[in-house]
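These notes open a run of structures that come right after.
One chain, chain A, appears in both complexes that follow, with chain B as partner in the first and chain C in the second.
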Partner chain A sequence: MIEQGVLLYTDALASFFTPEALVSVLFDGLAKASLYVMIASGLTLVFGLMGVLNFAHGSLTMFGAYLGGLVLVLIVGGSPTDPVALGGFFLAVVVVFGALGLLGGVLEWGLIRPIYDRPPLYQILLTFGLALILDELARIVVSFYGIQPIASWQAALSTKPAILGRTYDLGPTSLPGLELFQIGFGLLTVGFIWAFLTQTRYGLYVRAGSQDAEMARALGINVRRVFTVIFALGTGLAGLAGLLLAWDQAWGASVPLAAETLLPAFVVVIIGGLGTVRGTVVASVLVGMVDAITTWWFNEAITFTGLPEMFLFLILVIVLALKPQGLYGVSEVGGH
Partner chain B sequence: MSLLTVRDIHTYYGESHILEGVSLSVDRGEVVALVGRNGVGKTTTLRSILQLSPPRSGRVTFDGSELTGLDTHAVAQAGIGWIPEDRRIFDQLTVAENLRVALPPSTETADGLSVAYETFPALQEHQDRDGGDLSGGQQQMLAVARGLIGDNELLLIDEPSEGLAPLIVERVGRALARAAESSTILLVEQNLGLALDLADRFYVLDTGKIVDSGSTAGLSADSDRFRRYVSA
Partner chain C sequence: MFRRWVVISNAGSGSRIEFDSETRAAIATRSRAYARDHLVHLLVLGALAIYPAVYHVLTNGGDATGMVALLPRVETMVAVLYFGLFAMSFDFISGYTGYLSFGHAAFYGTGAYFVVLVANGKVPLLAPETPFVCLLVLAGVLAAVLALGIGAFSFRLTGVYFAMITLGFAQVLYVFMRDWEYLGANPRDGIAVTGLADGFRIGVPGVDSLSVAIGQLAGEPIDLFGSTLGASTVSYYAVGMVVVICYLAMQRIIHSPFGRVMIAIRENEARARAIGYNTFYYKLGTFSISAFFAGVAGGLFAGFRRSVTPENGYYFLVTGDALLASIIGGFGTLAGPLYGRLFDEGLREFLSKSGSGGGLLVFLRDSLGQPAMETALIGGMTVGELVETFLNGHAPLYVGIVFVLFVLYVPNGMVGTVRNRLGGSCAKQLPAWLSDRLTAIVAAIRERVSAVRHRR
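And now, the complex of A and B:
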């Protein structure tokens, strides 16, 4: 019996180190990393630059999934052609980013700004309460329109174009089109955030304001407005993550998506170091790769599909034990 | 009409009454020194003008416009620059970024940076280093340069020579003397020699009140007039 088990693992090890498996796991890991970076980047921007821990982040991702899904269903319908579906997706990007960004701006201005000077517990309670309200609101609205709130919204999933449903030969293996699309979208998002923060005057104001808000104000920077823009950017990115997930069979638009994305977002942000964008990118790649490797192992060698998720938290425990501030963390974040 | 007028301001930190009716004025083109011992309210006076520590009563006007009640960024946009006591460099921004953040949007970046680098050539050598990696003297030069390149009619300068080596004090002093030729300055300075060299007039602050003022002409740092309130 033991000999059989050893043989099984030896065979699995041999098939893992084949070019087909390695390339497949690499791209699967990058696709997962792209999803994690999309889910977590808005959260880390808002925490790193403003010091606000936004527990409603997952709910805003879920809103993005439903709103993006709605745009896709309205434009693409049930029989998607590739150009219409892709065009619909990029229109949904604009609609979701704009609408969620606007919602985020209003939330920051109306709810969060008045409690900046209070202890962090106030922000946590406020955003947690906001998450509960947004989740219930979504549940009521989708139920009203006859959509099952706890299952993935199939109408949105079915708008995925055939071009992303196919697999593509890449060297020794073939890869799903959706994974390649997610990797490309994740890279674009990271590039956009990097360019905004480092190549624009407003990005410079954001970095200055997050380090020393008082000095930034004394240099003529309207730090309150900067924080509103950052919160809007963070919620807009949360919405885009939701839109990307609306086409993914493993996630899909549903009300529980709020909690399902909030937890990994926090894990990635904590591993990377609270509030550092670079840390979030590195942590996303690390978590994505470990997730892909363990998923392969627990599908091919040991049939126990829940274990890959456990490894995500195992990385968290190991990183916190060795480096309590995370990979790139600093002791203090937020400029106000 | 004075460029800056501070009229009977009372500023508190919590329940501590720090400024007890401070009044002063600075005319266009003047350099005015505000001197006094540590902890008498000099920095608080500058913070009150900037509305970083808004006075509970009294008025601050700049070029005829009321500053009281404005947000600090609006005060800065009105044309008041600040070189703070503790430098307040943005540690994680490079030297060039620390300077760019102080430039008004209408100023070409290259022009603004060249002014700073002409004044302190050492900054150009370190332009790609993070502000937090600079020595104390280099950080002070950066803080002064950042104040000088803003499009400011009035500069509030707080202890620019504090904790610096004599060579750096001399360089900073030269830069301030050059700035004084074209700007209006309210200078807080413990180094009485430097303050009297630069200033046209002075105010002495003691425990939150102005206790003496006048022209600096003919006065020296060891004058009896200062000894009582300024010497430790």
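And now, the complex of A and C:
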């Protein structure tokens, strides 16, 4: 028995180091990394500036998935043609970003703003309660329209255009179109955030506010408004992540998506170091790669189902044990 | 203080101890002080002890639908007790040292899985027939050892990072227990007790007449003073006894010098370190003790329910429920989380209980009647549909709203707010407050009476 096992693992090891396997794992990892960066970037922006660890982030991602799915279903319908589906997707981007951003702004203004002067625990608690409410609201609405809240929403999944459903030849292996699309979307988002933070005046305010909110206020910046805008931006990004997941067979729009995305988002943000966008990007790539590698091993050699998910949290534990502030973290961020 | 006593020996009646009058007075003062300190505890215990009887009387009256809807069932109260113990153990580390242990479910789940696995004969060296009380202690010890391991890593971190690394450990365990095939045929759906037909017994280990079996089905009814206590009621008292013992132990620790250091760490860790306490070991010790009680709570849960799933044992939302209970009841008050859980669980049951147990849904269905339920409202939606849509199984929505309101407007929780009002812990201040009120009322009545007399 044991010898068989050893043989199997050496075989698997040999086939892992072939160009086909390596390239497909690499691109799989990049695709996963862009998903992770999508679900985590909003969280890290909000934490870096305001010191609020937003437990409702996953719920907002789930809202985005349903809302985006709704737009797609309304526009594209049952038989997607490529241009219509892609056009619908970009319309959904605008709708989801706008709607979720508005929701986020209202939540910040109405609920979180009154308790900034309390210890950080209370902001965590507030968003935790918010997550309960949002999840249950989604469940009520979704089951009211006769959609199964626990399983992924098939109608939204089936609006995926054929152009993303087929595979593309790329060197020694072929890749699903959706992965390439996700990589592209993730890169665009990271580029957008980078440009916003470094190239615009508002980004300057944000960076100033996260370094020293008091000083920024003394210099005449309306930090409160910056907070609201960043919270809105963060929830908007959460919504976009949800929209991107609505086409992915492995995720799909469902109510449990909230918890399923919240935990990886936490892991990525914590590994990167709370509040650093660069750390989040690096951590996404790290986590995405480990996820892809362990998924490959699970598919080929190891029968333990929870392998990728377990490694996700193992990386968190290992990184924190080695670098207590995360990869790029500094000891004082956003009042922590 | 008690050293001055006199031994009077009589040839006929043997020897007895007698105190001089000063010592006797001192003893009397002390015991009175002790009784006053624990008066609130006794009142609460008394209230909890008569609850099953009260429930029975109130729900079996003539028109009792309202009461059935409002009061939590005795089975629910058992769940309140064991989960309340878990929430208290969460508060013990998080509320008193200020370190948010967001992976506390790891210890609860470990205790629960341990009990079920031993009963199924899957733990080496332990027979399925091992007495349940021993299992509870072992479950606690196992959780405490696990906490030493996790804590040794985690206490190098503070704040959000600490919360997240404990969450990470708990989730690793969650995924592992969800997919480990050794545990049972389908570990994703959890495991149930299959190796043992009898209920788990709480009491003196090995003596059947001094112990009772717990469980909704496996528990045993007991005849007492001519009336029969149902299986749930018996479980309620048995589980409650363990919970009370654990509560008193934790309360004792918090009021000891060790507990003072715990609070010092919460208030100002740097200063506690500066005056010479090795805070790392204090934190580790606290974490381990709190894990012990979490493990016991998990063992009680598995012993009563006879099954456990990864979702109700190890998942991070289990810790979330404990957090909810702690905040609603009062963070850093120890007893508060039990009331918080009672509130939370009571609300959940009230809003989404279905079937014979009552609850708002059943109450509305019964009392509104068919015509009222079919009244059309906005957009052709009937009242009945509205009730079904918003009430059937959607308690988390309302619990969440209540929770957010608590965070915004009652940040100290129920017990914490009462404490702030009274200016000290309830056990210390409540008796004095009550006697003040009583004297005031008595004085007022006397005045009124004498005024009336004078007028005559």
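We adopt the following convention: the second predicted complex is superposed on the first by the 334 of 336 C-alpha atoms of A that agree within 3 Å, B and C clash if a C-alpha of one lies under 4 Å from a C-alpha of the other, contacts with A are read in each partner's own complex, and residues count from 1 in each chain.
Going forward, contacts are C-beta pairs under 8 Å (C-beta built on N, C-alpha and C of every residue); 3 or more make two chains touch, one makes a residue touch a chain.
Since the structure is predicted, the reported quantities are computational estimates derived from the model, not experimental observations.
In the model built by aligning both structures on chain A, chain B fits alongside chain C without clashing. Look at A:187: by the touch rule set out above, it reaches neither chain B nor chain C. In the superposition on chain A, contact of A:216 is made with chain B only, not with chain C. Seen from the CA centre of chain A, the centres of chain B and chain C span an angle of about 90°, rounded to a multiple of 10. In the superposed model, A:320 makes contact with chain C only, not with chain B. Residue contacts after overlaying the shared chain place A:204 against chain B, while chain C stays out of touching range. Contacts of A:13 after superposition: neither chain B nor chain C is touched.
In the superposition on chain A, contact of A:195 is made with neither chain B nor chain C.
For chain A, the partner touching the most residues, choosing from chain B and chain C, is C.
Within the superposed three-chain model, A:125 lies in touch with chain C and out of touch with chain B [touch as defined at top]. Once both complexes are placed on a shared chain A, the shortest Cα to Cα gap between chain B and chain C comes to 19 Å.
Comparing the two interfaces of chain A, the one with chain B and the one with chain C have no residue in common.
Listing the residues of chain C that touch chain A in their complex gives 100, 153, 156-157, 159-161, 164-165, 167-169, 171-172, 175-176, 178-180, 316-317, 320, 323-324, 327, 389-390, 394, 396-397, 399-401, 403-404, 407-408, 411.
Of all residues in chain A, only 201, 204-205, 207-208, 211-212, 214-224 touch chain B in the complex they form.
Chain A makes touch with chain C in their complex at residues 53, 111, 114-115, 118, 120-122, 124-126, 128-133, 135-137, 139-140, 144, 259, 263, 266-267, 270, 274, 304-306, 309-310, 313-314, 316-317, 320-321, 324-326, 336.
Interface residues of chain B, counted against chain A in their complex, comprise 50, 52, 71-73, 76-77, 82, 84, 88, 90-93, 97, 100-102, 104-105, 146, 150.
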